[in-house]
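Chain naming follows the written order as A, B, C and D, and within any one chain the residues start at number 1.
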């Protein structure tokens, strides 16, 4: 509840800051924001596209949030996405199974790919105490170059050196009924996968002994060790799960939103995942809504540009400012506390003294 | 007689608590003034005010009769006030000299003049009999030596009012003797000293006057010569205190824990525990006495599985456990009240109910098929909280971090005793607890013994060891100096052994 | 092979320098106890303001060299100003330093392009001419060393190396250095010694802003010649070099030079027949894999400042 | 702020048209001095002359979905004449031409298709190709003529069709000059590479340095930001007195190569007149002559490619000989192949 309020306030402050920027370049913020919303939600197609944009972010947001919850900072989601996407695409381009089998297999290997990529930083952290921030950055670049050479080497598209062959329609996560329902938008089965992932991750974190252990290790590895938990194994496991989620993000991006995998790009969704996780207060449900918000911002910004003179780069600036406010939410929390105190000042004055003094 | 320092009617509040409430303390030139009070009474806070770390909400501080506003430690330094903190404030990987000059560095042009500083430190050290090597690194010298560095830090700044916050808690009796000698030297050179200590004996030994505070309020100042230990204790707590633990003769049964020639490396990768052997039987409490850092941590961590043993054997009920993982050792009936409640004892960001099942969350009824049962956790926790009088804001769902230190400790002890272990390992079980809680915890530990369980106790408080243990094993420099019967020994003997002097007749 | 190394060397150095100065900036920040993952963003800010001011100033002043140095100065100032955001969040507000850094990276990327578009009408800012490399008189004639170190050098290279040595001196020999290091190791001790920890940490972060800003602009005035809204991950690489170099100036020099040399080799490997036989993927991932291996090797003796990343709470005991 | 520079100039225009022209940018920015910028400048020129309204949008990424989304945004905002630069738009335009039947589409360097490379150009779409190989050919001839003797090299960005055709044309141009015009400018296999990106300026400089060090006199760069790095290296060397050159690409890069006042390392530039095409297409639409359903090729014949009008670094003799060659290409006497054949890479 507390986090929700802080998140909402940071969003509002970010929007206000964005509005000021709009004023600064001589545009009308109200008009700008209204076109932004229209662009994201005006009709079913746009709603579908907004969800499609949000889908990979749900996964990367979950990935980063899960890592955060277990005391790890995974900034390697980009690389994990690439490898997840690569593996899924490789399966999709190579095998000719029936659609359900093929899709299930693609999802599985994509998840494994991401997990594999996160395994290395997890192992290095657990065994050698190598900081995962550095190792995941390194793994990002290794993924970048791996895809860079593997795609043209093995899955080259006809005439195209910079991307893979296109997946056949049956090897993508798009399905006709969904596409038709949302008037030809890019919404795909990934969204359902995302919702399922949110539920599963929330369940794991809150309700299972696994989540209990992983969080304990994240909060205090010494206490976890003291209580007999296998700290190293749990660190690796956390990274595997986090990487697997990012890998799924790659599957959704490259075989749902797109039908081919491009080289020479680290997917921005990996980094955006950090922002999504922060804004969602590292809570799976929060991540879902934060991802949808990002979807709205990214998706609506084009229409806003088309209708006004506001340049495209502004949406990114607003998002960045929102994150900064989320990062500095202490300021917001402090103000909230002050407000709260003012209202209940007299009552509390003598209470805790007695309680503290007794210990 | 003029006062060097006068603290008049000081009030200092922290969020939700009045740490100092109208306290007055005066320091005469050339005196040693003791400050006494329970944990959390507000002693450190009062000294923090004098040293410029906190600003009082009310009250006046005078130095040499002049009212001053000590807005930060620099101002205190300039006024000639120095402080040695309860927890040393030394940078581990700096040298003694670097630590001492930090904040008031001598320069030669733009460059630090380390040589000049080192020379001066050497001189000071000689003059006051401190015997400190200015070029040694802090991480490489003993705790006692580190304390002298802290004292040198003050002398280097020409402090003539020295504040020592619980300086003796970490020292051997021998080192304490030396410290007292040093303090007397300092007084002879015209310095004045305020010393905080919980040990009444020490107050009697060195202090001229003693100010007592209780729950943030000043109770009074007495001339030490006119007071007894008992009267000081009564002033401090507000009721009569019995210093004795009430317990029956022990009836040791079968061997529960058997340690044989155990050697363990410490953090610096050298042997911290060497060739150590010990037995603990059911129905007895065995205390480990020793100065901090003499192998206790290595011993306990090796037994509990938190640290690898280099050689030797550890058995519980005759089963070798030295290569088992932590969890399997716990399942053999061992439980452990850890030394550092924040580092190991609690997941501070977890609720109490999550903390209370830290070792058994994966057992029925707290989980089934990997799914947690929060209801079961809650009832279980509430039971512990009532039994051990753990006070918290929201009961079982309070976040552990929000509890006071004493209540955190009681919760941990409750958790471990609730497991009803065959072997209870207690490390510093009453650290940070007030006298009432200490009495209660001691009673529970003795009860646990009387139920026929084995207890291994590690404490840096010699009194606690002497009172609670049936047998006492003394360690020095990682080696077992000897084992004595508690009933047949005294503080003096154990103190000597802690300093490494072996006892001729060994048990 | 020797000929190739000789030939590559000056280019490796040019590539190393922005990385080096940025990592050095990170060193000041982290030695003061503040993790600075915002180096990437600060470099972007530096590259942007350097390019922008050179773009504007080249119309004002005749002397191109002067304009370039003014551009670097502008980058330094902009870096400092922007790093205040990080300092404020992590020092005054006790925000999570990694999150604050991430936010700054995002802001820098978005805002610079936004501003570039609005101010110059183009998201890319090209400068007409940067510094030109030249051989150091006499020294470049020394066999071997002359070819490696004194051939085709930029004035900025010597400038940054001077900063490196001055930094090293400051860190280990001066009052400020001692205080800075103490704040990164044990801020409570520094505070007890009467040091204003927050102020020292501010200095650390602002220096990192200045250096990272300079690093970003150096890219523009030496090898790139154009601001395109990104520094292609060099800021993160600088952060990795800092850890790889064990938070020590000379270690950082070695680490960044390793990256500079390895990337240059990877870049030119395509056109060098001797190297073209190695699969290019291996050459490209070489620096990153080696870093991982090196981190494993050094992990045992990690020299990380003990208090880095922790929010400073003076009441903490 | 002057944020409205994208279409601020429309007010100067005496004529006013209600055509709204939109563009979706490809990877890279609108200011890439190449593809996006060339196309956009043509639209701006049309705005100036005909008073059309114009707008560009930058997609968040380079997937079909993102391209389509921006086209939809333009369409919904009333921009029903949409220009898309680059072969990456092929599948997106394929869908858009059906989805937005009352809009017009221009795709440059590509053919709409369904992922199977079977071109389907609907009535509301024009696909435009350039004969980059002819442009590269002319640059090769010009470079050979001007140098008479020496070595040439090529640095490409990514290995995409347009870049490849520039390369192949350039090699053929050198060969033609050596065989027919008495020059001796060789190109070696190891001096023909694709760097692999369009933005690694450092690599551009380092590779150019390798080339120059082993005796290459002129480098043809078709590599975006990589080329910028190469030009920077060339300027450094030219300042130091070396006689080396760069051949620019897409647009006249003479200005980019300037050093020491008014000298430039840009020997000439192999242009493809993107601005001309986007301008022409808008004009055709206004004149009611939109060549819907057609696949157009801009080549020497219709002056869609070529060298800059002014080439200060080329002698008059070279210029006039190149002109002759140009005429021969126009007349079909010289055939330049757009295929690799036995050329390098």
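Quick notes on this one:
We take it that a residue touches a chain if its C-beta (ideal position, glycine included) is under 8 Å from a C-beta of that chain, and two chains touch if they have at least 3 such contacts.
These numbers come from a predicted model, not from an experiment.
When the partners of chain A are compared with those of chain C, the chains appearing in both lists are B, D.
Of all chain pairs in this entry, the one linked by the most C-beta contacts is A-C.
Chain centres computed from CA atoms place B at the largest separation from chain C. One simple way to say how far apart two chains are is to compare their mean CA positions; for chain C and chain D this gives 35 Å.
Averaging C-alpha coordinates per chain places the centre of chain B 76 Å away from that of chain D. Centre to centre, using the average C-alpha position, chain B and chain C are separated by 45 Å.
Multi-chain contact residues of chain C, defined as those touching 2 or more other chains: 113, 117-118, 123.
Residue positions 25, 148, 311 of chain A are each in touch with at least two other chains. Every pair of chains meeting the touch criterion is listed here: A-B, A-C, A-D, B-C, C-D.
The part of chain C that touches chain D in the complex is made up of residues 7-8, 11, 15, 113, 117-119, 121-124, 126, 128-130, 132-134, 152, 223-226, 228-230, 232, 263-264, 267-268, 270-273, 276. On the side of chain D, the complex with chain C involves touching residues 1-3, 5, 29-33, 190-191, 193, 195, 199-203, 205-207, 209-211, 213, 225, 228-229, 231-232, 235-236, 239-240, 256, 258-259.
Within the complex formed with chain C, the residues of chain A that make contact are 21, 25, 73, 75, 120, 124, 128-131, 133-135, 137-139, 141-142, 145-146, 148-149, 271, 274-275, 278, 311, 313-314, 316-317, 319-321, 323-324, 326-331. Interface of chain A with chain B (complex): residues 207-210, 212-213, 215-216, 219-220, 222-230, 348, 351-353, 355-359. Remark: chain C residues 173-175, 178-179, 181-182, 185-186, 188-196, 306, 314, 317 touch chain B in the complex.
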